[in-house]
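What follows is a pair of complexes built around subunit A, which joins subunit B in one and subunit C in the other.
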Partner chain A sequence: MRHTPYRWHKPLTPWVFVLPTVVGLLAFKLLPIVSALYFSFTEWSLLGSPLFIKLANYRELVSSEVFVRIVRNTVQFSFVYVIGSMVFGLALAVLINVQTRGIAFFRAAIYLPVVTSAVAVGIVWNWMLGPTYGVINNLIEAMGMTPPYWLADMKLALNTVATVQVWKMSGYYMIIFLAGLQNINADVLDSARVDGANAIQSFFRITVPMMASTLFFVLTITIIDSFKNFELIYAMTKGGPQNASNTLVYDVYLNAFVYYRIGYASAIAYVLFIIVALMTIFNFYVRKHLVEGLD
Partner chain B sequence: MKKLTTFIVILVVVGTLFAAGTKEAKAEGAPITLEWWTWDPTMAEENQQIIANFERENPGVKIANTIVGTAEYWTKIRIQANQNKLPDVFTMSSGYIEEWAKEGLLYNLDSFVERDDTFDLFYQSIFDTNKAISNSDSYYAIPFALVTTVLYYNKDAFDRAGLAYPTDGWGWDDFRSAAKKLTIDKNGDGKIDQWGYWFYGRYAHVEPWIYANGGTLLDRSTMRFSPDKKAMDAMKMLTDLVLVDKVAPAPKDMSAFQQQDVFPQGVAAMWVDGSWFVDTFRKNVQHDMRWGIVRVPSGPSGSNTLTYGWPDSYALAPNTKHPEMAWKFARYVAGEGIGLDTYMAGKIPSAKKLATDPLFSDPNQQPGKDMDLLIEQAAGPMTTSYSMGWGEWRGYGGSEALGLNGTIDAIVNGLMSFDEAFRRSTESINAVLKRYYK
Partner chain C sequence: MKYKTASRLRLLLIAIVSIIYIFPFFWMVSNSFMSDKNIFAVPPRFIGDLLFTDAMFINYKNVFTQFNFGLYTFNSIWVFSLAAIGQLVVCSLAGFALSMMRFRGKNLIFSLLVITLMIPVQVTIIPEYFLFLKLNWLDTYLPLIVPSFLSGAFGTFLLKEFFSQVPRALFDAAIIDGVNAYQMFFRIYLPQSSSPMATLFIIAFMNNWNDLLRPMLYISSRKLYTVTVALSQFQGQYEVRWNLLLAGSVLSVLPLIIVFAFSQRYIIESTMSSGIKG
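And then the complex of A and B:
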């Protein structure tokens, strides 16, 4: 049976519905992205007009020792975060993938840090990691060891912040992994057990391969999330000591909103854009060559 | 159709009459609305009170107050400046006066200041400090309060140690000697429970010692970072308090504290910081601890009569349509028309009638008569190290772990030697200054 088309429906009608989103995307995403590219070739303090200085910002970046260190920190933070989040997220998902009394409490408890303010998390971890009164260092001392300066040691500060970020976000990835785990047909695992596979063999030879697409999805979003590290760095180290925990995102903030070097900050943002673009290409490569066959 | 034409004609006629009437009203009554931007959300109620009083005294004038939190204030007001939409009157920081004046974004107040006998009502010394900070020969802002730096000391800790309280006549040896006696392991567990002193690389912790030793950080003729021997001696003395005398903790040991909590929690017996913490301590410490304030001890090469202090001010938009009324309101809100109750304790009013109000040194509130010191400081010589790019090279706010702040922290945290740290930071600080002073 053919429905009579609604009288008010015209060819342009769908555009009316998508227009707010399109306008929003153009005004608040695309335009700033394109503007930032232009600003990256300028010197601008927000006062007055931008002064076109060609490639001077990029030349300054390339010749800056501090910037090289910041790029290295960003990659290191990503590495720790991606590996940590995937391992802990999956481990937590496996642990709570059981039906037992009170499991909902543990699921909620593990998820709680995800929805807690990053600044609050940073302050509480600062207390816990405090050298004199911090509970973690007191425990280490009670075991007869000398605790390190988690946030003041140049070799530890970045990894400490990245680990706190892993702690905060693992619950989120756990939920995604949990959904993946619950999609695995229990019969397959049962037959493996009947065939004599132990728990470790089942996990690595059945569970992990059958979750390949979930793993790839989590890998993609952890890589993207690994660059969103501003709040914890602001709350815990402010990029110190001596730039040891400064990353590209924090440096964009410093240059744009503390030093008001909008042009230089835009150039840093574009370097970050290039790194994220390369990561995305790598992701597509992995998906095409390693994951699709397993879907 | 005829009806429609008649309706349009009536509409046009009525509209024209209405527009003409409005023009007339503007010409006659001239209602004025002034935009007033401030950065302190805690002052919302006080601001409304000020506005109500001003509007009552000035019929036809409306004040629209916008309070932007300190974190976003400078970004938002810079955007306003970029769009030529600066508010008529707005709060101005000493850290930005030079840059904004050079960009032509502040109304030159010289003619108003001269015409209105301003210094009968306000301290000229505070206005002149603003002029010096602006690196020009003109007044670009009207200060409403001066903040200085002082030595806070815990009277209870001094009494327990049987020590006489610090005085304005103290030198470095007196200070070090007291700090040693105040550094105490109370329970004998090998850990210090009360330090003699507390500082880190923060501007308000370091510069007061430099200036009280007659030192300077910047060579003003070249606008380059070039700490002289007196400045280096002061910074060496400070870092030695941690590394040699062991009477102050390294910042890395205090990382779990908010820096302003170390002193009031009794973890350190002495502390140098801004006078505005008088207000914080009055509210938070109340009578749990007895404390006082004195001048920062003089160095061997200088005198503590030179104070590290700077004003908070109001500025006028250069394109304000109502400069006379904006100036009148700025004077009013800078102290001429308001009471001491609208001031944060520890900020020194630039208006003489408020600074000389007996309640400023309220004997019923700590630190009692010690508050007279702030008035003395306001009347004496002052200096700062503000320049364009100050926040970046000094390490302030979000960049506190970097710049000169990070350099001093690196020394006392044992990451770098004193000489190595200053060799590196001189290079990086001058790279910042070269961008602003080519």
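And then the complex of A and C:
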């Protein structure tokens, strides 16, 4: 039972409770966001003091072919990830939304990669996708086809990593969709069936519209999650071959902690921040003007 | 009635899909029981040749003796347990204030927590690294533990949601008895919340256990490695010794699978109700 809180406590007591949270937000979120902006206007290797160079880092970014490629990779990764996660997440949820013995086991099995580290996932998929000894390519050869170089091919590497990430995370979105599906009134589906609707009609005419807010919610979080691909890229390709699978989050790490170009890396981090901020604002806007009316 | 009964076709589809999700784990385990020669067999063997022989656990033994995996597991367990306890403390306090109290700035704190969930860690990691460098905390566990005692968005939402659903009668009765805010939290609300607290502990522990970036940046001494960093370093050094690498992967995943097996209902339920992961 919900109720609006009233002031039953001393005025300052809430601040005792939220003090650590406020300190944490300031020290690890707000302050870093502001100082990253300052760092992005400097040239610095962590040693000595930062040299203020105004917009030079951003100018270098805009004129760098590698950076343009990385932004394109980031968008492509997000695209594959968002579409793949939404389609597979929803399909899995619809598939598994049944009451039968052992269904909890299957549900847990599909969820298992979610709780597995990206490093372990990367290692086992690298091994399975390997050119000579990998089980997948051996299978493809056995069927008489020529298998591709999943991770060494410039055209394929990014999509391969994104697909593995979809495999890893789709169980998570499945669970959220499952919660949405179970909120649909079964009577509505039953009466549609009585009226002669087939499974496909009732899926697109009833299930999807009634899930509009869940679909939008999952769209929002898949977009946010699609930027969080550092670990899997590190474990599978290290951004290679020749930046073919390098993305913004990986490039921040590379420039900051491998090349020690702190200012330049901060500028990349800020481009990432602005993209995420725009996405978030867009989401809030769509939610306000489109989705709320549908509920 | 929430469920339909399953048709045979659907069960078949579910089985096929599950294989796609389980096979890589099966492959990880079966290949970790292979000898150096057998693992490079073409076409690949499905069952490890070392299984049920005297040398069955040789790869695992090598991972423990040559690569000290026991120590890294021990490091990860205590450091991330401590960090998870930090999450329980800070998130229960903040969740209680945000759900039960009325004060200015509440909405601002709430919005900031939502926003922090959206920002990738790479946006803030450089200044964060600089902060720990200046504090002289590099190559200690402090950067992995202290932030967990200071804020956690996911846990705060989870516990805020839980506290706001505790029956109102309990709150009213306590007010009539004249308890103050601290007694209300420690005596009335906290004892109720063992189930969401356990869920939060497990989720926080798992997320930290699997994290790579922070421990990789902050820990440089080999003896302080966490399991995930060790595995990643191991991958860089022993690229061709796949049987050892896969044995290490199994060892890094096994503790989490055991925890998950016992708690999957709660973890999945918390995903269903909150829809956000830390």
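The rule is simple: the second predicted complex is superposed on the first by the 284 of 295 C-alpha atoms of A that agree within 3 Å, B and C clash if a C-alpha of one lies under 4 Å from a C-alpha of the other, contacts with A are read in each partner's own complex, and residues count from 1 in each chain.
Here is the rule we go by: a contact is a pair of C-beta atoms (placed from the backbone, for glycine too) under 8 Å apart; a residue touches a chain by one contact, two chains touch by 3 or more.
Note that this is a predicted model, so its numbers are computed, not measured.
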| item | value |
| --- | --- |
| Combined model on subunit A where subunit B meets subunit C, clash or fit | clash |
| First, second, both or neither for A:237, with subunit B first and subunit C second | first |
| Partner chain(s) touched by A:48 [first = subunit B, second = subunit C, both, neither] | first |
| Which superposed partner A:127 touches (first subunit B, second subunit C, both, neither) | both |
| Which of subunit B and subunit C A:142 touches, first, second, both or neither | second |
| Which of subunit B and subunit C A:253 touches, first, second, both or neither | both |
| Touched partner set for A:22, first subunit B, second subunit C, both or neither | second |
| Superposition-derived comparison: subunit B or subunit C, residues of subunit A touched | C |
| Subunit B versus subunit C as contact partner of A:115, first or second or both or neither | second |
| Region of subunit C that runs into subunit B when the structures are aligned on their shared chain, from 202-210, 220-228 or 256-264 | 220-228 |
| Common ground on subunit A, meaning residues reached by subunit C in one complex and by subunit B in the other | 46, 127, 132-134, 234, 253, 257 |
| Subunit B residues touching subunit A - in the complex, by the definition given at the top | 74-75, 78-79, 81-82, 99-100, 103, 105, 191, 251-257, 389, 391-392, 396-402, 406, 409-410, 413, 415-416, 428 |
| Complex interface listing, subunit A residues touching subunit B | 45-48, 66, 126-127, 129-134, 149, 151-152, 154, 234, 237-243, 246, 253-254, 257-260 |
| Subunit C-touching residues of subunit A, taken from the complex the two chains share | 1-3, 5-11, 13-15, 17-18, 20-25, 27-33, 35-36, 39, 46, 92, 95-100, 103-104, 106-113, 115-125, 127-128, 132-135, 138, 142, 167, 171-172, 175-176, 178-179, 182, 186, 217, 221, 224, 227-228, 230-231, 234-235, 248-249, 252-253, 256-257, 262, 265-266, 269-270, 272-273, 276, 280 |
| In the complex with subunit A, residue positions of subunit C that touch it | 1-6, 10-11, 13-15, 17-18, 20-22, 24-25, 27-28, 31, 39-40, 42-44, 89-90, 93-94, 96-103, 106, 109, 112-113, 115-131, 133, 147, 149-152, 156, 164-165, 167-168, 175, 180-182, 184-185, 206, 209-213, 217, 228, 231-232, 235, 242, 245-246, 249, 252-253, 256-257, 260-261, 264-265, 267-268, 271-273, 275-277 |
